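The structures considered in this document are given below.
Here come two complexes built around chain A, the first alongside chain B, the second alongside chain C.
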Partner chain A sequence: MSAELKQSGDKPNLPPDTKMIEVFIMGKRYKVPATLTIQKAIEWAGFQFLRGCGCRGGICGACPTIYRTKDDYKLKIGLACQTVVEDGMYLVQLPFVPAQKSEYHIEDERPTIAAIEKHYPETFRCVQCNTCTKACPMDIEVMQYIAEIIKGDYKKAAELSSSCIMCGMCAARCPAELQQFNVAMFVRRMYGRHVLPKAEHLQKRVKEINENKYIPFLDELGEISHDELVERYKSREWQPEPYEDPNWQPKETKYL
Partner chain B sequence: MGYTPELNELIKIVEKTRPERIRQIKAGHSFPKLSLEERAEVLEKFHPDYKKTGRCPILAGPNKGDGKFYPEEFVELLHSGSRLKDIEQFEKLIQKPDYETDVLVIGAGGAGCSAALTAMVNGQNVIITTKLRMGDANTVMAEGGIQGATQEVDSPYYHYLDTIGGGHFTNDPKLVKALVNDAPLVIEWLESLGMMFDKEKDGRLKVLKGGGVCRRRMHSSADMTGSEIMRVLRDEIKNNPDKILPIEFAPAVELILDQDGKCMGAILYHLETKVYSVVYAKAVVIATGGFGRLHIQGFPTTNHYGATADGIILAYRAGVRHRFMYSTQYHPTGAAFPEQNIGLLITEKVRTLGAEPVNRNGEEFVFPLEPRDVESACIIRECIERNNGIATPTGRLGVWLDSPMIEILRGEGTVKKALEAKYIQFKRYGIDISKQPMLIYPTLHYQNGGIEIDEWGDTTVPGLFAAGEVAGGIHGENRLMGNSLLDINVFGRRAGKKASEYITAGITLGTPKLDHVKKFQNELKEAGIETDELSPMILPDYSNPKVRERQLTAKRFGTLQ
Partner chain C sequence: MEVSYFPGCTLKQTARNFEISAISSCKLLGLDLTELSRWNCCGTVYSLSTDDSMHHLAPIRNLIRVQEDGFKEVVTLCSMCYNTLKQANELMKKEPDRLKKMNDFMYREEDYIPDVEVYHLVTYIKERLGYEKVRELVKQPLTGLKVAVYYGCLLLRPDSIKLDDRENPMIMEDLLTALGAEIIDYPFSNECCGSYHTLGQKEIVLNRTNKLITEARRDGADVLVLSCPECDFNLDHRQKDTLEKYPNFQTMPVLYFTQLLNIALGGNLEDCGFELNYIDPLPVLREKGIIK
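For the complex of A and B:
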């Protein structure tokens, strides 16, 4: 059996018994294989994406798609690259959402409620309808992080919004016209810069680098013979995992 | 959805051997690592790079006659014609610029954005042009983390050894030196920009061990490290609209040189309006990323939609060599199930956290953290030679990646927290990776080689710089996890700085020319290459071939209408 014979780039492997179903792309009917993602189904139909397609892996936020399924009044939102088509699906992509982004200098700002009032005053208009949370294709508790922002809890808001891919669907659906993903971006950067404690050991290392401490060691590696280099590579001491030995120290210390 | 009943039966075998495997790990008995000789043997026999088919030499341009065999898909692009078919028309067009700036950055992934920000800090005005949206890039997809010797038990010295050994001692030493020495500076820069690194309560950076490295030095932001880097850099660029102008959906399709051969800008093609426009710049940084979408050897890929090797093509026509392009990185753990996720990355962090690759019989067959090429070759061997793979319902093969081990080794809830994005991605298909293993097979992941640069990202063409995945030599023939997110920032920043210095030293642009394009076209002709294909490719063609046959009047240049 040769697995390599089955390699077909990005083309889906479709077993002969694959069912064909009908989907409606912006209202027009197309027949597509039932196992495809919305993204591949649109391509199957003959489109070539310019907009609405980025990573093809569920992380860039380029491909949010609004759809209804048969006999269901509910408006659903999914990522085209991550959602499988269903028979009778009605869909349109919404690859762009107009939103304002406040411009700021991170070093001059402070993680306060006042900063939110200044940069994203509309945040306080939230009426807690939870539409944003229902819209989010990443299952983020959007309303909750907005509530934390309103309270000034940067930590909670940053953590709750950390997997935001900035697709904009929350903002598109919000009756109070918030720009959740942009205010959350502001909050996360502020949290990273001003709330999370700075790594002190890093400061020390940066100082050492700036004093060129390691240049001689690196030059040495550049100058030794190939065999010697291989030897040093082979005889590296291997740091164990913390569950094996949390207090491990290397024996060789002259290059630290 | 979820696994089929047949696959669920096979999972029971994995569950059965799990307790004993855990016991072994806790006792410090890991599956033995291969010796350097054994590594060489398995690579030779099973790594796709060593296959004799699908590879050919380059017949024109600076790499002609270098004795190497390159992936066919890549050579075809080098051997294709320029999009500027009617070149006189374009020679007229470039006499007047639509935009003028100090630094033009081509590509808005991590390398492009860090170059743009650094050039800005060094007093330059910047245009950053990109094929899709800012951040539609491989950078946004990176999951596992970024390396840097920040801990006391580690130093750039060991980072150097790990990197050069992982690259089978083929790396360019001066590039490795720059990489490892700048690493802590880059981590600190990102921290100061407000990146949310995973930290201990006191601010100490959390670190994990990647494949092939002797110390823990992988820094992360959950399993969305690249996404976090990209979000932060993009936000910072958008905070400075008076100094950096982004132009989206406008790939560069050819460079412009002056009569002395200095690079002085590029021609952009606006995808939506099909308009060409001209940028004059005193210096140009190419940061267009990799080539996963060429599907070398037919492999599926982890890469973003626009990863089509454009930058190398542009630079090549301007006379810049590339290095190591014969070497491709196949990531050991691409998704083999469900079909909808095919080829998508399952981060190395899964193994870093303790999950083992396991065969059909529930047995380990490889040390989980070998260098990537070795790990991939071992997985292919297990499936093909030893016949211990698991067949998927769509006719693919894979082995298990036993993610539930993580919960046992590191505590319940670890998977959901440390592998947030992966957890959601599989949950959508009814698979809970904290309780069920994943099916994996190697996938096309990274362009090891690229444009030849020096330690400042400078190329052999004055005024032309390159940084990021598009550049070659840093990783030699094999890249270690976490060294790429690092390299894009190290060399992006270096290129941004050097380009600024180059400009500050005083630059007078001459007359804009496309002679290099004409010269290259002639070389192709002389080599006997006649083709209608155009490059750069810009976007891959995934349309249904049956539909395509009937798009009778659609003109296509490369893959784009």
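For the complex of A and C:
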């Protein structure tokens, strides 16, 4: 089958023994290479993304896809760019989920229960069914962050929701019609602005940049040869992970 | 002794005085209230529609958390949490088919085996320690303090979850007696505070507060004691509006039973959280020589 395919655009040049499987994209049957992600399989099938695709790296949240696999009644959700196709998969992308975004001035609001009641009152309708958690392609404990919001624990809610990519799947599945990702964004903003201490080192660094401290260093880099640039790039210093020592310093301290 | 403890949302917010005084006084009783490692809203109101399982998920999920933490009993303080958790639990014990359906729905959780017991703190103290033991531990008796005990609805109704006799409950009175307080006869102890009307039709609550506090005063009480953040909001914090509406109204301090328990057991005053009480109870407690 692969031999018959005309190669065009980005279509990979498949080896002859490539395993092909069947998937159903919006109900229509397609044969696609078994190793593709859903995103590439959709493109392989001939679709071109105008929406529903951004980073291709699991970060932007543009490509959530709802699917069912063979012989399993469970509705699954994954990011098209991160999920590999399976034989007999039914799928559809849902690139956007309608949700209201409350407008406010960050300085006028405080991290309180009252602020949630004002901006996202539907949050309190949650029945703790956990459908949102099941839906989340980022494996976030969505129900739990909603529970923390209802308790008024902004810290826990902000931490639990921090890897949300705003794909909207939780909101699409919620029987109580919450808008989880937007209320969580509100919580993280409040927490960042009014609770967390200001990052003093950042302010210091911004000041230094504004005072042109780094211009001479950049000029210097502009002058050196290509080979030296490569050499310096290769020998650049990193703080060893997992960044436990707060007093770590590189050997060369003149850039600090 | 470690006791699994479900706080509920309100105790983390407006009723923090209830929580801190409970934790402090329990410590003095030798009970270590251990907050569930994960929990969510109790569900707030027990759903009465017979075909509705959805609204039982919240309470039952919390009971799964009790299981997960390795406990067979859970203690709670708020009347509403108590009522909802306990009723939902009773339902699961009675209806295995429904329990199975709910366990299937919550397939990401371990199955709930309905042998967790839900306790209100006052029952737990009575059954596990006994009031004699409490009496022995009293350091500062509440001598001379005249107390009206108020239960409201949720600790006594329905029958399946009641703390004590519905019409003539004595469980809180007995505890306060053990603490040395003088209990006054207060026939309104199981009347409604107006509950949620406080949001939509505040007038109803002001009417109730006026009546309930005025009667307690007439019966000779110095303070009213209760165990429900909702009743507390209506009967304490709404005294401000009550006074505006009824100019002859005389205010009265309203306390959580745990606040008095903490004082009587010799706990720190800071652990009573009195700054969150709207009508300041300190003057009357000082007047009676209970605190310095």
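Here is the rule we use: the second predicted complex is superposed on the first by the 182 of 256 C-alpha atoms of A that agree within 3 Å, B and C clash if a C-alpha of one lies under 4 Å from a C-alpha of the other, contacts with A are read in each partner's own complex, and residues count from 1 in each chain.
Keep in mind that, in the parts below, a contact is a pair of C-beta atoms (placed from the backbone, for glycine too) under 8 Å apart; a residue touches a chain by one contact, two chains touch by 3 or more.
Just so you know, these numbers come straight off a predicted model, no measurement behind them.
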Notebook entry, point to check: Which of the two partners, first being chain B and second being chain C, lies in contact with A:Ile215: first, second, both, or neither?
Noted result: first
Check: Of the two partner chains, chain B (first) and chain C (second), which one does A:Ala115 touch, if any: first, second, both, or neither?
Finding: neither
Notebook entry, point to check: So, does A:Ile21 touch the first partner chain B, the second partner chain C, both, or neither?
Noted result: neither
Notebook entry, point to check: Looking at the overlay, does A:Ala80 come into contact with chain B only (first), chain C only (second), both, or neither?
Noted result: neither
Checklist line | Greater chain A contact set [chain C / chain B] | finding: B
Next item on the list: Report for A:Asp153: first if it touches chain B alone, second if chain C alone, otherwise both or neither.
Entry: second
Check: Which partner does A:Val142 contact after superposing on A: first (chain B), second (chain C), both, neither?
Finding: neither
Next item on the list: Return first, second, both or neither, reflecting whether A:Leu91 touches chain B, chain C, both chains, or no partner chain.
Entry: neither
Next item on the list: Using the touch definition from the top, say if A:Leu229 reaches chain B (first), chain C (second), both or neither.
Entry: first
Next item on the list: Write out the stretch or stretches of chain A touching chain C in their complex.
Entry: 113, 126-130, 133-134, 143-144, 147, 150-153, 175
Notebook entry, point to check: How about chain C: which of its residues touch chain A in the complex?
Noted result: 9, 12-13, 38-41, 43, 54-55, 57-58, 61, 105-106, 108-109
Notebook entry, point to check: Quick one: in the complex, what on chain A touches chain B?
Noted result: 1-4, 6-15, 35-37, 40, 43-51, 53-60, 62, 82-84, 101, 103-106, 138-139, 158, 162-163, 165-166, 185, 188-194, 196-203, 205-206, 209-210, 214-215, 217-219, 221-222, 226, 229-230, 232-234, 236-241, 243-244, 248-250, 255-256
Note to self: For a test of understanding, state which residues of chain B touch chain A in their complex under the given definition.
What the structure shows: 26, 28, 36, 48, 132-133, 135-136, 140-141, 149-158, 160-162, 164-165, 169, 173-174, 177, 180-182, 184-185, 187-188, 191-197, 199, 201-205, 209, 214-216, 221-222, 224, 227-228, 231-232, 235-236, 238-241, 249, 271-272, 293, 295, 297-302, 304-306, 339-340, 342-345, 354, 380, 383-384, 387, 389, 393-397, 409-410, 420-421, 424-425, 428, 441, 539-544, 547-548, 551, 559-561
